[in-house]
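Both complexes below contain chain A, partnered by chain B and then by chain C.
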Partner chain A sequence: MLVTWRYRPRGSVIEKVDPRARWIYSFMVLLSLTQFWDIRFLLCFLGVVLVQYALARVTWAETRRGWTFILIFAVGIVALNTLFTGRGGPGEVLQGGHVLWRTDWRVLGLAIHPTITVERVWFAVSQIVRMVSISGLFLIIPYTMNPRHYGVTFRSMGVPDRFAFSMDLAFRFVPTLARDFNTTLDAQKARGYEVEKLEGGLIAQIRKMAPLVVPVTMNAILSGEEITNAMDLRCFGTRLRTWVHELHYRRMDYVLMGASVVVLVASLVVRYGLKIGTFWVPGWALAWAGG
Partner chain B sequence: MDKKSLWKFGTREVVYAAIGAALYGVFSFLTNWIGLPAAGNIALRPAVAIPMFFGVAFGPIVGFITGFLGNVLGDFLSGYGFWWSWDLGNGLMGLIPGLMAVGIASYKAKATIIKAEILVVIGAAIGMLVPSLLEIPLSGIDLRTAIVGYWLPSFLSNTINGLILVPILMVAYDAVVSRSGR
Partner chain C sequence: MGPCDNALPLCVRELTFRYRIREQPALRNLSLDLHQGELMLVAGTSGCGKTTLMRCINGLIPRSYRGEQSGSIRIFGEDVRGMSMAWLSQKVGTLLQDPERQIVGSYVLNEVAFGLENLAVPRHEILARVDETLDFLGILKLRDRETFSLSGGEKQKVALAGALAMRPQILLLDEPLASLDSASAQDALALFRRLADSGVAIMLVEHRVEDVLRIGPDTVLYLRDGEPAYFGDAEGMMQALDYHEVKLPAPVVFERAKAQPAPRFEAAVKPDGQETLVSFDHVIFRYDPALPDVLRDVNFTIRKGDVVAMLGANGAGKTTLVKHALGLLKPTEGRVLLEGRDTRELSVAQAARTVGYVFQSPSQMLFAPTVSEELAFGPRNLGHDREQVRRDVVWALDVVNMRDYADSPPLALSFGQQKRISIAAVLAMRSRILMMDEPTAGQDYWNYTAFMDAILQMPGFDAVIFITHDLDLAISYANRIVLVSDGQIAADGSPAEVFVDETLLLRCRVVPTSLLKLNTEKLPVTGTFMRAELLAHAVA
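And then the complex of A and B:
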């Protein structure tokens, strides 16, 4: 079992952008996107996400698992929400509406009345577009951002030195711990341990994971003592550390960050100044349902 | 760890936060990859015991980083992108058990284990509640869907995995502590 990062140099435009500018851009677009429920605006943001995906030069084969996860996640939760929408969320705007289908169920003695209306179906479509856009916005990050740059990126974005170093170390420990995991798994299998065929009830099955989890964790903790001692002996933390990789903003980074701020401000003006962008159902859909 | 040092983040904490996060990320990725069996909504996610245990053993900040960063690493290895609200929830799931990491004399004492178990349940409840509720404004779901669709399955799964594996890790760690003298 090989544990590798999804990142590899692809020579894409996105990789040339400073990672700090990319994080700022991603969160600005996320904030902008979450202002809207109107599918026309959401489709614009989905377009931005798809352009970003195309520019990243990742292949469908690489990202298929991620997209499948996102789609199952979005469609599953939206289907549940469409059937059972009640009070408490943005879906509250959907009270009433043009009924397409309604039934009465009794579940554990409770009467429930799932109702599908044109508004709910349209809201579900808007939800899926919004969830896919939000998830897709961050999907390419592991594929296009060098793991060696996370520590210095967050350090230069204001994260305290020790936290940033801890982040940097974590990325470096992954291959070593994955190798330890595989060694332990092989050793336990040689003793007759069958992780794929755990028998017994749920609790027994979880307990049977202990021969895998405990040795790897305790070994890692023991090696941690040695690393701590080595770092203490080298006076770690007595002053701010320097980083092997240095990041420098370029013109295109400033342009991207500036554009992100403009998009956010424009979204806030459109949404709260012009009061545009709330949930919208096209006239043809209402006409089709007889409204 | 005395009371004053509960929120300390020295060299030792830097290293253990990194080890915890890497362990959580690797376990999450590899146990998904192996394809462990599951019963109903309760998935076999043994990895969730890692942030809870690292919280108990090394304090709330280490627990938080282990949960937050470990979840980021697991998602990055799997190619799922970045799910900041669930990363935050996983961080809280490690932070809350970490609140007991003061003056623990023995990790295998019954009282310590019971205290840890209580905090594991509270941690899983709050940790999974925060991202479930954040999905209301983000995804437009209602409260009922957030509770039934997100919170309940994740809370049950994480609680059961944590309740079983955290005490086992604590007993094993007790032997390590005695050996290393830390």
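And then the complex of A and C:
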């Protein structure tokens, strides 16, 4: 059975906003934010995200696991990509730069020369700010958006019934998978399985994950089939459906959507019209590296 | 049977169906009529074709399951094969075995409205019909609750409301009692009777035959290997069927068993009352600081020789309690000692050497390519040597009567078989204490009696604990009864001590059965509780 995210009414301003307006706002800010590599602009967006976070009245305890995952993921990706390979960013980060540290490592007989430059470090910091801002923008949605409205939100944004209801199901799939995973983990622990003791090479380790991965995957597939059957039995998809919940825009929703469009247009003008906002390293950092 | 009457809600003639992936037909030459306001009980062993029959009627065959079908199914004179799903689902409402598998809405209102939304009924009418249906079922107060937070009985009613809101004239109920405590099951049954009396034609598939007999089904169909073994009234069924195969009312079994040789049952686990294996010391538990306590000051000891049946309502805290013994949950306050050691200091894997715990749902643990490998997983984790693992796997397969399936993939087996494999997988670990959560749910009577007999007669366990909603299972096997109610232990003692207090039982949502009544009656002679066959010979 699908479980919902831990939504509870918090009486916050954010919850009073129409969910469609919130999606539109979130995507507009996302699009605007991704125009920039200049940390000064990115920090402004981070500020917006933090304000939204404060308004949502979501506690740290509720989102701690989410943030831990995001930070580990972001730092991991950035460390790997930016510092060592230098990929995934504007060209100027790749070549040259002010060297901080040069290495000569050998891994599996291959010579690897990750060169840490001021530019790369600064780029890594900018990228983390960017990733954290994007995550923060969307992380609070499950905590503050009424699950009753998931489907109808997409439907009234013009998406077909099938797709809109799929979105509703997809949202609930994630916490359901987490619950099933925990149940399976408990069931296998009760059979003496110790996930902490995974040993051997990569393939051996993956094989040893089978007791967790197989039941969880099979359950997901089977429950997908069951949901399809249950939906078929109640005529889903036979004609254009009614949605029992209705959404109504209010003045503040129009204001928010208008402001989001203005931010996007402004961002595009600044970035492509004025050509401001590309990757930037502060002068003091270059000076410190001896540049 | 003659040709179909067009006024009949349901008319089946010469129905045979074979799933494309199977060699043998799941149903053979089945003919039946279901009248308006009739309540038909369909029973049979696991895999007898009950579910297939339902799928043929509600359109899931051939829509979702392919195969070869012959014969006809007519609903009000119309052949179902020519009907659209939209038409069919307004005539036929289906309640699947597990309400968890049926509920698609995140909130009760959405769930009940789902079918009507799909039929594009206007919004105001949907809301009116949802309220009307919820009110009819007496659950209007649940309207704005999240579906996943409901209790088992509530989920069942909500799923039923979802089907009823579409105002079907035929209702198919697939083992609707499987996950309910006995009081909820009684409520549900009374409701089905009321629906039938209001004119709905009901086909009720159920293993718990005795429970259904109490609401007076108009007809009974008993299937064996896909063929009708009996079709007639309830009275005739009691005479026609073997009481080893179907659980019949205790007085019937009692009388008939007298003519049979005395059954042999000698429990290997015997009370000695000395060694303490597990002890709960003022245990309080809550999942989250913001949520209420699930266990409230539990003090409880499992001693060597105990066969404990744990009974209580859905959501009373039975599973939570048992998980503490293994250290899967740690007490919020108080402590749990396993062989004298605090479970906080033990890993679950360490505790698993002493306690074997069978989870409720087998699909959450089965993963191996073959049944043998599945069974070897636990003992290998515990470091048993290869020869011992091999011996224990064979032994465990014999106990659950699954030796022929040693090389089959467990994931391809039926639910009942998977459940037995999940029990065998824990048996093979040779733990001192065996704990089983609802071991008989979704199993047919013959099979579960066979494996419970085998487990309890097998030497090797110091204690056996099982959680169940089946009072008769507790009467038949336990030497100690624990009633759990609202996170506390409401009663703990021998069957004779606990079962005499009917008010207490009802407060814990345990409804007395005919076997309980018979045992209470004979208690002055027997001094203990037992199943009807044994009782017949004990008083003779």
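One rule holds in what follows: the second predicted complex is superposed on the first by the 202 of 291 C-alpha atoms of A that agree within 3 Å, B and C clash if a C-alpha of one lies under 4 Å from a C-alpha of the other, contacts with A are read in each partner's own complex, and residues count from 1 in each chain.
Convention: contacts are C-beta pairs under 8 Å (C-beta built on N, C-alpha and C of every residue); 3 or more make two chains touch, one makes a residue touch a chain.
Bear in mind that the values here come from a model prediction, so they are computed numbers and not experimental data.
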| item | value |
| --- | --- |
| Touched partner set for A:T63, first chain B, second chain C, both or neither | first |
| Contacts of A:L274 with chain B and chain C, given as first, second, both or neither | neither |
| First (chain B), second (chain C), both or neither touched by A:G237 | both |
| Which of chain B and chain C A:P142 touches, first, second, both or neither | first |
| Partner chain in contact with A:A210 - chain B first, chain C second, else both or neither | both |
| Between chain B and chain C, more extensive residue contact with chain A | B |
| Partner chain in contact with A:A170 - chain B first, chain C second, else both or neither | first |
| First (chain B), second (chain C), both or neither touched by A:M131 | first |
| Touched partner set for A:A220, first chain B, second chain C, both or neither | first |
| Partner chain in contact with A:T228 - chain B first, chain C second, else both or neither | both |
| Interface residues of chain A shared between complexes with chain B and chain C | 1, 3, 147, 168-169, 172, 210, 213-214, 218, 222-223, 225, 227-228, 231-232, 236-237 |
| Residue ranges of chain C touching chain A (in the complex, touch as defined) | 58-60, 63-64, 84-86, 89-90, 94, 96, 100-104, 106-107, 109-110, 113-123, 126-127, 130, 146-148, 155, 162-163, 166, 323, 326, 328, 347-349, 352-353, 355-357, 359, 361, 363-368, 377-378, 381-382, 411, 425-426, 429 |
| Residue ranges of chain B in contact with chain A within the complex | 9-19, 21-23, 25-27, 29-31, 33-37, 39, 42, 44, 46, 49-50, 53, 57, 65, 69-70, 73, 75-84, 135-146, 148-150, 160-161, 164-165, 168-169, 172-173, 176, 180, 182 |
| Contact footprint of chain B on chain A as seen in their complex | 1, 3, 5-6, 34, 37, 62-63, 65-66, 69-70, 74, 76-78, 80-81, 84-92, 123, 126-127, 130-131, 134-136, 138-143, 147, 162-163, 165-174, 176-178, 181, 195-196, 198, 201-203, 205-207, 209-210, 212-214, 216-218, 220-225, 227-228, 231-232, 236-237 |
| Touch list for chain A against partner chain C, complex | 1-4, 147-148, 150, 168-169, 172, 180, 183-184, 186-194, 210-211, 213-215, 218-219, 222-223, 225-246 |
